[in-house]
Amino acid sequence: MVLHGPNLNLLGTREPGVYGTTTLADIDRQVGERAAARGATVECHQSNVEGELVNRIQEARGRAQAIIINPAAYTHTSVAIADALRAVGLPAVEVHLSNVHAREPYRHGSFVAPVCVGTIGGFGARGYGLALEAVLDLLEEKSTS
Amino acid sequence: MVLHGPNLNLLGTREPGVYGTTTLADIDRQVGERAAARGATVECHQSNVEGELVNRIQEARGRAQAIIINPAAYTHTSVAIADALRAVGLPAVEVHLSNVHAREPYRHGSFVAPVCVGTIGGFGARGYGLALEAVLDLLEEKSTS
Amino acid sequence: MVLHGPNLNLLGTREPGVYGTTTLADIDRQVGERAAARGATVECHQSNVEGELVNRIQEARGRAQAIIINPAAYTHTSVAIADALRAVGLPAVEVHLSNVHAREPYRHGSFVAPVCVGTIGGFGARGYGLALEAVLDLLEEKSTS
Amino acid sequence: MVLHGPNLNLLGTREPGVYGTTTLADIDRQVGERAAARGATVECHQSNVEGELVNRIQEARGRAQAIIINPAAYTHTSVAIADALRAVGLPAVEVHLSNVHAREPYRHGSFVAPVCVGTIGGFGARGYGLALEAVLDLLEEKSTS
Amino acid sequence: MVLHGPNLNLLGTREPGVYGTTTLADIDRQVGERAAARGATVECHQSNVEGELVNRIQEARGRAQAIIINPAAYTHTSVAIADALRAVGLPAVEVHLSNVHAREPYRHGSFVAPVCVGTIGGFGARGYGLALEAVLDLLEEKSTS
Amino acid sequence: MVLHGPNLNLLGTREPGVYGTTTLADIDRQVGERAAARGATVECHQSNVEGELVNRIQEARGRAQAIIINPAAYTHTSVAIADALRAVGLPAVEVHLSNVHAREPYRHGSFVAPVCVGTIGGFGARGYGLALEAVLDLLEEKSTS
Amino acid sequence: MVLHGPNLNLLGTREPGVYGTTTLADIDRQVGERAAARGATVECHQSNVEGELVNRIQEARGRAQAIIINPAAYTHTSVAIADALRAVGLPAVEVHLSNVHAREPYRHGSFVAPVCVGTIGGFGARGYGLALEAVLDLLEEKSTS
Amino acid sequence: MVLHGPNLNLLGTREPGVYGTTTLADIDRQVGERAAARGATVECHQSNVEGELVNRIQEARGRAQAIIINPAAYTHTSVAIADALRAVGLPAVEVHLSNVHAREPYRHGSFVAPVCVGTIGGFGARGYGLALEAVLDLLEEKSTS
Amino acid sequence: MVLHGPNLNLLGTREPGVYGTTTLADIDRQVGERAAARGATVECHQSNVEGELVNRIQEARGRAQAIIINPAAYTHTSVAIADALRAVGLPAVEVHLSNVHAREPYRHGSFVAPVCVGTIGGFGARGYGLALEAVLDLLEEKSTS
Amino acid sequence: MVLHGPNLNLLGTREPGVYGTTTLADIDRQVGERAAARGATVECHQSNVEGELVNRIQEARGRAQAIIINPAAYTHTSVAIADALRAVGLPAVEVHLSNVHAREPYRHGSFVAPVCVGTIGGFGARGYGLALEAVLDLLEEKSTS
Amino acid sequence: MVLHGPNLNLLGTREPGVYGTTTLADIDRQVGERAAARGATVECHQSNVEGELVNRIQEARGRAQAIIINPAAYTHTSVAIADALRAVGLPAVEVHLSNVHAREPYRHGSFVAPVCVGTIGGFGARGYGLALEAVLDLLEEKSTS
Amino acid sequence: MVLHGPNLNLLGTREPGVYGTTTLADIDRQVGERAAARGATVECHQSNVEGELVNRIQEARGRAQAIIINPAAYTHTSVAIADALRAVGLPAVEVHLSNVHAREPYRHGSFVAPVCVGTIGGFGARGYGLALEAVLDLLEEKSTS
């Protein structure tokens, strides 16, 4: 399951000269293709509502084997999303488009990162692909060990 | 009115060996029976969405005489829930299943507690029953004074 | 577009002796009339849900020329609303009914103010009117420059 | 064992118009009766001296099955009381008459709470009764498991 | 009475390409005309000296009905100006040309704002006009209540 | 009632070349004579035990009209002494031999000062005499108003 | 030399029902009489300007034997006044009318206190008389040692 | 260029039951093979000395097109390594074997991250491969744009 | 003189499987024997009361040549014990059974350490012996220099 | 233009054994001679009043090509002086007689330094000469580039 | 293995009147003799380079049974040394010549202490001997248990 | 002796359009010539390794009369360099090319500055010349006093 947080639905539809023309739909399709190439499927959701992201994480239990999440602005303020990830117990990877460490100080902290397997940040849309590879490797490793 | 915050809907349905098998429905039923024994009725809601909890608190005005709330993760981040409780002016009690003081530092602060009559934490599902007793005593005292 | 944050829907309907009898509907009507007097129209929304306010801000793109927002409790906790305002790029004004600097310390900080043109606080319902004047002046100035 | 910290001996004997007329003796008697109703006995002590409270906690080992403690002012400054509770290993409950979260910031922290099973605060003298119920439930549960 | 703090006397006379050509005299004249249109008069002063601003605030007692003040750099360092405003007890409004929340962190705090009715910031010279409207509305409301 | 905190019993008996030869007994006698000169009597106690100072403050109720206290090291760590002074409600004056503001930072804060009428520090043993004058003036003023 | 900081010139002339009718002139006269009774003379100045207080302190060298200063709001923000006192090297006493420890946190710190012999606060106008006594005792002691 | 910071030379040679048997030589070989598969070459160095890592980074200029660095313990204390990366201006990626956000607070800060394109953490030795892919994508993209 | 702070009287009498069976009496005896072997005598006291430890330290003057103190929980909260040690002026050594730096952050600070010659921590009961050796060496050195 | 802040007028006239006999007039003369030797002229002012220093800085525009300023105590508290320097836009150098980094912590921060070209501190009166050299070099460089 | 951090090589060769004439070579010899007396051998190294100390700690694995380390200035800044000690897993003791708790605040923290068995500080060169005794006792105890 | 810290060896060899073409060799030559003009000689070293700078400082004893040091990134993190300077006791001057006060907050602190005679920053390569003049003046003054 791939989850996108607040304002990510605007990707690619605004100021293409600055942010590129890759839309969230493009990202979801690319991640889907990359997953298919390794025999896996992904399910993607975006929401601007913190609680709906919590709902999605809860639904992932029984329906997904891992979670790739870009909590965007909720990264820095949501204990609820972190609690949800901790509760469902699936391996999760935190993705950020930009390098949050090079931005405002209040974006340096993350409630979500400590409950994830790892984090990938600063590589733009490409980060989702890297996260997918990491997650699939992890799952394969588990199933063979 | 009894309000349960984010991720509490997962209670009892996951890792029963660890968290016990008491579900949120069990808690709501037990609180309801205990209320009935003292001639009162309770109405219970759970939501993962901060704003919906605000909605529920606002609805309590005119429909309930007091609020028992376990804001879970929103305890530590939600000024909005605290403002809602302050606005409706009903006596409220904050309940926590675990002893938040024995957990991470960011769980020690509470925006909600200062606008409540009192707090009860660390007694598991039993805390709701204690909160109910406290609330009913308070209401009786008021009505007789 | 005029946006009202959590608990503002209770305005005027409670303890009129203390808070006055001006309701949110009254405010919206007054702002509408004042806008009409200068040949403009306003669209007003209130929500208790942080993510719905993000949705509304996103919708403003293409539908409104500016945003007047009273984020209420989310002023101090919502990075998501600030990100949304930054993303849509419309001129925005932050309004507060009360003087937040004279209240609790956790109400002194604002994630939203840095992405607004300016802030107006402490003048009650009248602040929306002042914000409207400021916004219309700004837009006129831009269109003539 | 029920322990009362500094200045609690003044309860009820001063400004009855403000603080009520319930004295510490009244509280001890009420708790005793409530305990008797469930077939238990309580032993109550008050001291203004931090070290004597430590002594009492140490004596509880072998003589009591649980501790109900209102450390009052020592809640926020006494590592020694917390260490004593940790050392004797009996289940303990922290009680506060007032809601400390609604008072000065230096009353928000507690050295004692992290070593207790749970805390109950803000319900006045009634809080001791709630603590007793919680403690007796805990002990029954343990003895039957 | 309208008071301008340190360095505001340089407005409009320097780098007009950047800061515009509106001088402090222009602002004072505009505020005066806007006041006249509502049947009021204003008296304007600027000083670079903290203590002279305190003097002016003290003189306002008996001579003015309200104070509009842009304390500029003293906003963030002057307890004396805040004390003076508190002492004379006239309704006061804090104005800032720029949006201080979008500048250096040491400009986010204000000793003056908590003793004012409200604050208006980020609208340039136009902010004084908004403050005047707000002040006159306040005074009318008081005189009719 | 005059109360001396921990280690003050060593005054004058040690390193007279450095600290002078005035003992605590000398101070008590001088304060007593100065009180007698104005028709008042004083009762003096010293203790190294925080809780005994709390006891003494409680005993002052009904036995004394005011309290002069030098809490020494407990100034900076004792919430219990402050609570006791608040509880007995007698006018109190905090005295320090040395100027605590010129010493270590952890001696700059005081839990006790906020519940006193005033503080006198830095004048050595003479500070008790000044405190006595201040207290007697206060009591005279009250009795005549 | 007696120095009064900003806003103290308003004493007694405003809201006499609240602050009493003692004016700064009254205080200066009373201190003068008390000094005369012990064969000393005082010279009193008030200024709202930080730098003028620095000037006065510098002038005290050669003209006065000690300084009694109530820096009011500058207590908490003026390194310059503290430096001036340190530079002239005369014994100084800091006086405050109110108990600053019972007010806002930013009034708890003092740049001036560490360079004074001692501080006296919370006794209203009477504090100046106590400071005078303390200063005269100090000077007598020095001249006789 | 791949750089490994202090203590990484111990990898795989100690407690294989815990940390696995992958040595630093294994990692370097795997990264080399993965690079070769995409037609690139890597040069790997490890040092326990902060200044030697600075030297290596400086040497990378002219010899490498990008830097993959695991600064290990120097992540949190070395301004010098960050300055070196900033100075050479090559695109860099920070890699961590473990999820530093789930470890001690002093490991949450990073002087190095803000000067990198991005960071990858928590995936063990696999992280180097992900970093390599990210770096090669970046370089290809640049050369084609 | 050897002083043991709060809760150390429980040593060895509880959970011997965890804490060992060495009691405080054993420690005192061992230290006594080790002292005797070097021709010295020790006097040992334990108290749970902060003020009684202050009393003991004061008594040490004239009766002992040095102090070995394990202030336990009071290490981190007692300015009074530090002041007492400073006042009596005997060489003192702070001993801790456990390595306080590896425990909770509030156990990292020490009011007592700065007034001691040195500190020894983390060696269990053996630390007292090391402290004794250190103290005797110090005293010998002094008496021969 | 050379500006001297508060208390610098006392230089050389007090405790010559400690601070030397160089007066501010001597410094001004020396700087003048050194300037003359390079064909430049200087204008020197001292004030104890923050606002007058702001006035002087503003006057420098059009009259001077650079500013050498020793803000003394105002270094650490004056946003107004920093704003004035920023506003006039002339190259400025901050000079300190002593090494502020070796003094109290509150002297380590500087509002003024960030708006200066550079700072020179710790070389006594000689620092002004070094600053002059630096400033003249800068101006020559500019005029030739 | 005994490790000495930066600047310790200067011991005894400089200002013998102040620091004594014991050189690092003397210390190493004394520790060696004391070890020999108990049938053990020591190997001693000093380095001013943080990374070389890391190298030495790594080499200790397989060559030594324990580490005595005085990290000097690196105590407070080196995560790398702490990580190295953690990695090699040998029992380590931190030694300091002076009582770091009585020095500057930035010397109170230690990255190294939490990974050591214990710390010994303030006893000068003698501390190494105490550390050796402690380490040998520990090793004997282990080998016999 | 002139010491240059990490990354300064890159000066002038990179991005000459931005940083100028002055290399470290140029600086060393210019300082040498300026020294020769006053009859002195300088010895210059650069290192990226913190410990080698410590070595160089130690070697300066007996070989140099003063130290000019630009610790670059180690300014803010190296207690070891500060300790070395303190240990050798030679007069030292800290130089910075840029104005560190106008850069990131973590560059505002300096461990090195408190142990230097003074600091010079913000004047680029020219700062070394200013430092040399200051140092030679100091040494002349000493030799003649």
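Structure notes:
Letters A, B, C, D, E, F, G, H, I, J, K and L name the chains as they come in the text, with residue numbers starting at 1 for each one.
Here is the rule we use: contacts are C-beta pairs under 8 Å (C-beta built on N, C-alpha and C of every residue); 3 or more make two chains touch, one makes a residue touch a chain.
Bear in mind that the values here come from a model prediction, so they are computed numbers and not experimental data.
Steps from subunit E to subunit I, taking the shortest chain of touch contacts, total 3.
Interface comparison, A-C versus B-D: the higher count of C-beta contacts falls to B-D.
Matching J-L against the pairs in B-D, D-F or A-C identifies B-D as its interface repeat (over half of contact pairs the same by residue number). Separation between the centroids of subunit C and subunit D, computed from CA atoms only, is 48 Å. Put simply, the C-alpha centre of subunit D and that of subunit H have 55 angstrom between them.
Measuring from the averaged C-alpha position of subunit F to that of subunit I gives a distance of 32 Å. Centre-to-centre separation between subunit A and subunit G, using Cα means, comes to 63 Å. Shared interface positions of subunit J, defined as residues touching 2 or more other chains, are 49-52, 77.
Taken pair by pair, the chains that touch are A-B, A-C, A-H, B-C, B-D, C-E, D-F, D-I, E-G, E-J, F-G, F-I, G-J, H-K, H-L, I-K, J-L, K-L. Remark: subunit G residues 49-52, 54-55, 58, 61, 77-80, 82-84, 87-89, 111 touch subunit J in the complex. Only residues 5-7, 9-10, 14-15, 47-52, 72-74, 76-77, 106-107 of subunit I touch subunit D when the two sit together in their complex.
Those residues of subunit C that touch subunit E in the complex are listed here as 93, 99, 101-102, 108-110, 113-123, 126-127, 130, 133-134, 137-138.
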